[in-house]
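Pasting the structures in now, so scroll down.
In the two complexes below, chain A is the common chain; its partner is chain B in one and chain C in the other.
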Partner chain A sequence: MDASVSPRHEVMRSQLGRARGLGSGHSGTAHWIAERVSAATLLPLSGWFVVQMFRLGGADYEDVTKWGGKPVNATMLAALVISSFYHAEVGLQVIVDDYVHGKAHLPTKLLVRFGTWLVGLLGVIAVLKLALGKSSSRS
Partner chain B sequence: MVELTLPRNSTVGKGQFFPAPAGATNVKSFKIYRWTPDDDRNPVMDTYEVDLDAIGPMVLDALIHIKNDIDPTLTFRRSCREGICGSCAMNIDGENTLACLKPIQDVKGDVAVNPLPHMPIVKDLVSNLDGAYAQLRSIEPWMQSDSAPPPDGERRQSIEERAKLDGMWECILCFCCTTSCPSYWWNGDRYLGPATLLAAYRWIADSRDEHTGERLDSLEDTFKLYACRTIMNCTQTCPKGLNPAKAIGRIKEMQVERKL
Partner chain C sequence: MQDVREALYVGSRSDGTLIRRPMSPHLQVYKMRLSMFLSISNRITGVAATAGSALGVAWLASLASGPKSFATARKVTGNPLGQVVLAGWILSLVWHTVGGLRHFIWDAGHRYDKQELNEDGPVAVGVIAGFGLTLAAALLCVSGVRASRRAKAKGI
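Presenting the complex of A and B:
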């Protein structure tokens, strides 16, 4: 090879410099705990929900609103919705980390977080409407 | 973004065919990845028919036979030929392993031989591991203690303390595990990978090392440590039978333990 012409490299930073990168973000443990705790809370909540749905099978609109108006049921429903979407938010971030790279990474991650937060909020509002709405206060 | 196909210059084509010598009765085909930086051609899979009666039992024996007697241009790393140097790590029959420890008869049909996956290729079966070596260097894999060692001897360790290093000191740094990890394929620039994390835990678990906290600090990162998705390819592929996934799990447990 002609020694006077060295190949052009886009990255000439040392391998160790690249490996160290920006250093440790000192985060991730809380996220890792959140993944597991939300999964664990979903187990009993989902079990409760499935049992309730079987019990309500064939019930009409009035019965369901009456069921949803009870504080215990509304609390359990809201907890289920919050746990589900929290778990989804935490889990979807991991998928973004795996598959979205470069400049798109940060905006995609924020968009996914905001999106799941918004849809989760919609779920909570729906539970509140069921719990505090007109039809339940009548009964 | 997501890459669903190989880049055009990485598409693997069909290569040359080297038939077995006349009269050979115990013939096995080896399909071997070939690529050289000396021209602009795409990689190909060359096929070599090898007379198994003429060689030793391991895949490395076949590769050495091919290089010596069939095609001297074939390039691969090897040194100790007994599973202690880690040089001949490559992908054989779809699994990362050491060519010197892989019996040819364990492979049904043709033997596909590829370089370690998802690393830059130097030539043929030689992959460039500079990035992985630098990551290992970044976790400072040496003893760090502020207490002075005894003036008259070595730092002492109980039998129980020493036993905690079993399953880790045996690692020969062949990087079969790291290059088998999908998470490392996706984020190899930020995720340290199983081999490096096993080495990190080897020092975290060492009773003589006093920088456990600093080590855990530097690992606590969304990618460096937590990009591990417990896929477990590392443990499945390790040619030394070690369990990097367990070591990573222990590091995560310690991170939680010091937070809660």
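Presenting the complex of A and C:
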């Protein structure tokens, strides 16, 4: 907020008139719930991933692709990636809402949403390739 | 006007001209307390955990791309600097999880009084440090030992 900006040009409008229409879009509660639900989903999925990493840490390419090719592992991985980046999208959006003001707000918010969505999609595609594609090591 | 809060800054001088009223001091007049630190750190670790997860997706993508790119990824995760990043990712995930669990408890309407908050803060720090560091050390040690054993087995 720039201290030098004078509100003089809006002299005919009351403070209530200024505030009207700029407030709640009636979607705050849904956003808040989405944050909590995705967090709750992440708890068991992350627990599973930690256990898998203990089993898999230090393993070589053949073992890891074999692990990723199993349908249950691929399902859990895809679920983990989707809920992680959904939770990140929802959470980072709130941070942008709180700290980025003015003209930069909308582009930053769109960029954050697009970025998290894109990285999440990359994760899902990678999991799908491991699960469905014949691994490229054999070709 | 871009921000609805700007409306609260409109004031007038005694001659009637409108002015932008000054913002009252906020962050700088409070002594930093543990609850403040844990609150902001929950956000910071959330961002850090997202960055780490993006690296995790890069790891998945390298695995899906083939043995050559996976070998590159393993070079990164085996590098001391990569291990520090991995430990930082694990620690920020644990940190953000503990913060999130506290939020669940507060949302359920418990432990939200001043005294309870001040009691729980140090417990949260203890859980984060204990569990986070143990998990990071254990995972990195298990992976390192397994990797070196396999390298030896292949060498023979």
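A few remarks follow.
Just so it is clear, the second predicted complex is superposed on the first by the 116 of 139 C-alpha atoms of A that agree within 3 Å, B and C clash if a C-alpha of one lies under 4 Å from a C-alpha of the other, contacts with A are read in each partner's own complex, and residues count from 1 in each chain.
We adopt the following convention: a contact is a pair of C-beta atoms (placed from the backbone, for glycine too) under 8 Å apart; a residue touches a chain by one contact, two chains touch by 3 or more.
Values in this document were obtained by computation on a predicted structure and should not be read as measured data.
Counting the residues of chain A that each partner touches, chain B and chain C differ, and the larger count belongs to C. Of the two partner chains, neither chain B nor chain C is touched by A:79. Once the two complexes are overlaid on the shared chain, A:130 sits against chain C while remaining clear of chain B.
In the superposition on chain A, A:30 makes contact with chain B only, while chain C stays out of contact range. Of the two partner chains placed around the shared chain by superposition, chain B and chain C are both touched by A:101. In the superposition on the C-alpha atoms of chain A, the part of chain A touched by chain B in one complex and by chain C in the other spans residues 15, 18-19, 23, 101-102. In the complex of the two chains, the chain C residues touching chain A come out as 1-10, 17-20, 22-23, 43, 46-47, 49-50, 53-54, 56-57, 60-61, 63-67, 70-71, 93, 97, 100, 103-104, 107, 135, 138-140, 142-150.
Note for the complex: chain A touches chain C at residues 1, 3, 5-8, 10-11, 15, 18-19, 22-23, 36, 39-40, 43, 46, 50, 53-54, 57-61, 64-65, 68, 77, 81, 84-85, 88, 91-92, 95, 101-103, 105, 116, 119-120, 122-123, 125-127, 129-130, 133, 136-137.
The touching residues of chain A, counted against chain B in their complex, run 14-16, 18-21, 23-33, 94, 97-102, 104. Partner chain A is touched in their complex by these residues of chain B: 1-2, 130-131, 133-135, 137-138, 183, 186-187, 189-190, 217-227, 229, 252, 255-256, 259-260.
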